[in-house]
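The first chain written gets the first letter, and so on, giving A, B, C and D; residue counts start at 1 in each chain.
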Amino acid sequence: MKIFEYQATGLFKKYGIPVTEGILCSSAGEVEAKIPDDGKSRVVKAQVYSGGRGKAGGVKVVTGKEATVEAAGQILGMKIKDFVVEKILITEAVTIEKEYYVGMVNDRNTRSVILMVSTEGGVDIEEVAALSPSKIFRTAVDPVVGLMDWQARSAALKLFSEPDLLRQASGILSALYRLFRDTDSTLTEINPLVLTSGKKIVAVDGKMNFDDNALYRQPGILAMRETTDTEALEIEAEGKGLSYIKLNGTIGCIVNGAGLAMATMDMIKLYGGEPANFLDIGGSSNPQKVIDAMDLLIRDKNVKTVLINIFGGITRCDDVALGLIAALKKIQLAIPVVVRLSGTNAAEGLQIIRDYGLQPVTSMREAAKKAIELSKTKS
Amino acid sequence: MKIFEYQATGLFKKYGIPVTEGILCSSAGEVEAKIPDDGKSRVVKAQVYSGGRGKAGGVKVVTGKEATVEAAGQILGMKIKDFVVEKILITEAVTIEKEYYVGMVNDRNTRSVILMVSTEGGVDIEEVAALSPSKIFRTAVDPVVGLMDWQARSAALKLFSEPDLLRQASGILSALYRLFRDTDSTLTEINPLVLTSGKKIVAVDGKMNFDDNALYRQPGILAMRETTDTEALEIEAEGKGLSYIKLNGTIGCIVNGAGLAMATMDMIKLYGGEPANFLDIGGSSNPQKVIDAMDLLIRDKNVKTVLINIFGGITRCDDVALGLIAALKKIQLAIPVVVRLSGTNAAEGLQIIRDYGLQPVTSMREAAKKAIELSKTKS
Amino acid sequence: MGILINKNSKVIVQGITGRDGAFHTAKMKAYGTNITGGVSPGKAGLSVEGVAVFNTVRDAVELTGADTSVIFVPAPFAGDAILEASYAGVELVVCITEGIPVHDMMKVTDLIKRNGTMLIGANCPGLITPDECLAGIMPGNIFKKGSTGVISRSGTLTYEVVYLLSESGLGQSTCIGVGGDPVSGLYFTELLEMFENDPETESIVLIGEIGGDAEEQAAQFISAGITKPVVAFIAGQTAPQGKRMGHAGAIISSGTGTAEEKIKAFIEAGVPVAREPAEIADLIKSGSGF
Amino acid sequence: MGILINKNSKVIVQGITGRDGAFHTAKMKAYGTNITGGVSPGKAGLSVEGVAVFNTVRDAVELTGADTSVIFVPAPFAGDAILEASYAGVELVVCITEGIPVHDMMKVTDLIKRNGTMLIGANCPGLITPDECLAGIMPGNIFKKGSTGVISRSGTLTYEVVYLLSESGLGQSTCIGVGGDPVSGLYFTELLEMFENDPETESIVLIGEIGGDAEEQAAQFISAGITKPVVAFIAGQTAPQGKRMGHAGAIISSGTGTAEEKIKAFIEAGVPVAREPAEIADLIKSGSGF
């Protein structure tokens, strides 16, 4: 799960990390009402999940109320990488002496949290990582011990050398780690962390992702969830025990198992088709799951064919076939369905499908080819 | 630092551990005003730091308001092992099915927290430990990892076997550990932990000690400090950089270093005297410390002689001698002083003392013998 | 023989009184696995599918000599269940549970390492040494004794692959689902090494997917020291960036963890990569000189 | 030679820019200790008492080859300072700081064990191998090179004892103040063993006090395996129960940790116990056949 900048910096503030104070607005009228006419310089920032908003024109530094309202009007409604800007954060403008990068992620290989700091702040950190990796200082945090003070200090020393700045930066890193750990974060970034002309260190932007598996114990984080339309669909699916991700192709897929679902999509692509989605219905033969899955698929008007790919393991193919037919009876599909069954009791399952009047197939390859053919015939 | 039962159970409650609800009173009038006339059974309990209050008559189970007020009157003002009862806690009486013991301490040998549970609750646990140690189940908690859930459950299984009680008890143990850790406790006990006839597990008494070294980061605990007169003196001394403990003898001691101070007391005892106190002035030659120390000592009217025992290490004896004389000049003592100086620059120091008109000695043994002699002459 | 488990393995089930625990206990027993006990706190003395229940893993280990545990405990408690097994001296822990927070797994994998415990999973189908021992939820009937070792990040995709292998006459020495989470127990390199040292294994199938760089590491490891033929398959070539594809670990972050990178790494390491599951058997047969 | 430190020891001072750190750096240097650097974050480049200051222990170790660190950092930060030294590869850490919370020390002693770091203290006067190296705050002038090893929980009482030993002609191989806290680094048994194995040490003085049962353990350990003569002294025979006698660790809890118990344990182990400091030298001379 992701949150917006204004939510991330709100959490920073709660953990004692200095941030630039901001006002959240979702319309030009709101800006008009909330921003005082004091001639001050402010930064107007689009609240979107994707990076690169600066390049896309989603950040403007302005002086005075009039210019603020104008910039707000330009940014609100703007489209940045598929996201429409619905909210803007208007913050005080600080005089920046230097910009830094600070981030934390869970690392698969070391199975620990990696703390990263860099003097190359305010720019795309992935570019820095690719072009000059030595400019990013990395340190692994023992997951049981946590970030020790000397580690925070050692990292801070990569950015600052003056004792007072060192104290400020060490404090920010320790607080950021506590926040990262307490909220089950998977990615937390301050970019840029700024040294102001007043020798204060301030977080000017913030990004946080969280572990979906831990949301059950993070009610405060879950309450921050704001979803785009696409995500709303994924969350709806999740609520029904389905794992669904919409894509742009024409062949809708219903598969049991995530790896098999990916392999099915790949197979469609391999033989010249385009999958319309990823959809894993899990390991049950419950007809309701197939009904729910179909219901999700057909909302996507691009879908021309449905490919159901089931490998019977513990769940036997005959049971799955009965569930499928119950589902197909309930939903009257206007588009063709290709059913592939394999594995435990496949023969019995295939017979049930045939008796229902469909022509099932037994291999993934055959299923993919048939679905592609049908999707082309129909379009 | 110690706290009273009502404070400990207050902390238990804050950590979600079920306790018997109680009302704190410090006069019979307060009891009269606070206890409803509902004919219910209640327990009136003296709030004292020492154990064995039950045997001393400091706990009474009563029914009805009149009996409660009467019991309160009997217990308030009672003396239990040197402590005068100034407060009582009046709690609801619960129907006890069985009593248990639960405790945590920091263990020097394993350098970890030891969790102890026993089915022998409600009695003196030290007696259980001495007579039937196998009845106490002990488990060491890794100080970095903390109490793992399976450890809490394994300990709870030593007391309960039914799933619901197991869940209650595991939860209490986990919460108690968090409390122990969060408050820098050195001893936390629930004795007894009670299984009520309603199958609820409740803490009916509580005891907590805290690490004096950690009070700087435990403002909430420090705010609970309520001191007896003796302790007030010790705390006053602490504030002046002195470590002072009053005893009942006649020879007041002023020593630099805790081990040497104990050895000085032992030496006095060895040669037939009785030390009036433990007093460590630490390693400085600052005359103010000696003045403060003298000031504390002479408040104790039993003191007949003062023995000053200084071993000069880094602090040279001549510096110490100058400090001593500055102090002696400032306080006009009515009782004799024996000064012993040894170690670095002892000769110079002794000369300074002699020039002032005192007859210093160079060995501890000599000092002790002389102080004993003087204390006897005077009395 | 195979690796990790065999006919001498003594297996207990943590969470045996739960629905999944009881169901798969029956399946494992039916397959021939020596299930020596189950664990469910406060339920000692019960019997589930003919298996005695104990209150703690320690009791189960002490009284039955178990060396392997399969965990079916709900996600909020599963990390602790792994720790309980590890501290009770279980040598191999197989955690089926899906949805354990990654912060829990970082701590758990660190702690059990100190005890020398091996972990498979979490969020995995377990493992099987055909005709000897099944420790997990795999459908036993699709497996066939043989000499191909299988390591996979997936569940049903593994069954698909194994089914096709068995159909092609390629039996399996041991088949391990390492799980779909970002932080897991034993992974490609450790298991490749075990298969390399296993006399019964003659070839290895490695089924990877998008997310992380374990496949890249495996490719390097293979070219550095694995002499037995390895065939790889990678799922997720059509997966979009930044989306979690069912498995918590199957996500392309900031353009890394793509199927392309992984395939490239294998090709460069001289490991043939199947374009679809059905090709795997052919590639093994050609590579190992069948 | 002696144990733990000698003329080859390379010592750094953590907290060197503080009042105590600077003062004792001068004293140690004057004694002849090879102080190779000091640590104070953000003060790199400074020089204190002629010693170069570094930002981190790692820098100091890498650039000066230091193997020993003496810590003068305030109590709230001292635990972390020990960890910093340990993770930077310092072999012997001597923590002078008084007042570190016991919960911190439990964690610290556990963590540094994993790195193989030895710790003396906290809340201790440090240690000295006379005429070779002083790592701590002991007054160097009262020590004399010789063959008696001294281990003590106390500060000035140790000086008193050492002064009397030196006066009696009994020099010291190494003298260690293990500190007055309940949870500390190296303690009696470990140090007794080191002295047993040190060819330069011919007899050992052990100065205990009330609180805990380290003396009882030491007594057992001596009777089981220490062949060199040991003389003990225990402070606190007149200490009341339940009161912390200056040192955080010097407290009789629930009637255990008394001087009587400890004296009894030594007597039973055949270790003579001096009634007062002045007796120690006599007991050594009689026991070791001087």
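Note that contacts are C-beta pairs under 8 Å (C-beta built on N, C-alpha and C of every residue); 3 or more make two chains touch, one makes a residue touch a chain.
Please read these numbers as outputs of a predicted model, since none were measured by experiment.
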Whole-Å gap separating chain C and chain D, where each centre is the average of the chain's CA atoms: 51
Centroid spacing, where centroids are CA-atom means, of chain A and chain C in whole angstrom: 27
Chain A and chain D: spacing of chain centres that average the CA atoms, whole Å: 55
Shared interface positions of chain C, touching two or more other chains: 107, 111
Contacts with 2+ other chains: residues of chain B: 144-145
Category of the chain touch graph - line, ring, star, complete, other: other
Chain-chain contacts as defined at top: A-B, A-C, A-D, B-C, B-D
Contacting residues of chain A [partner chain C, same complex]: 106, 108-109, 111-113, 126, 142-144, 181, 184, 186, 211-214, 216-217, 243, 245, 247, 255-263, 265-270, 275, 278, 280, 283, 311-314, 342-344, 363-365
Touching residues on chain B, where the partner in the complex is chain C: 145, 148-150, 153-154, 157, 160-163, 166
Complex interface listing, chain C residues touching chain B: 41-44, 55-58, 77, 80-81, 83-84, 87, 107, 111
Contact footprint of chain A on chain C as seen in their complex: 24, 27, 75-76, 99-107, 109-111, 137-139, 141-142, 152-160, 163, 180, 182-183, 207, 209-210, 212-214, 217, 233, 235-240, 243-250, 254-255, 259, 275-278
Complex contact set, residues of chain A against chain B: 144-145
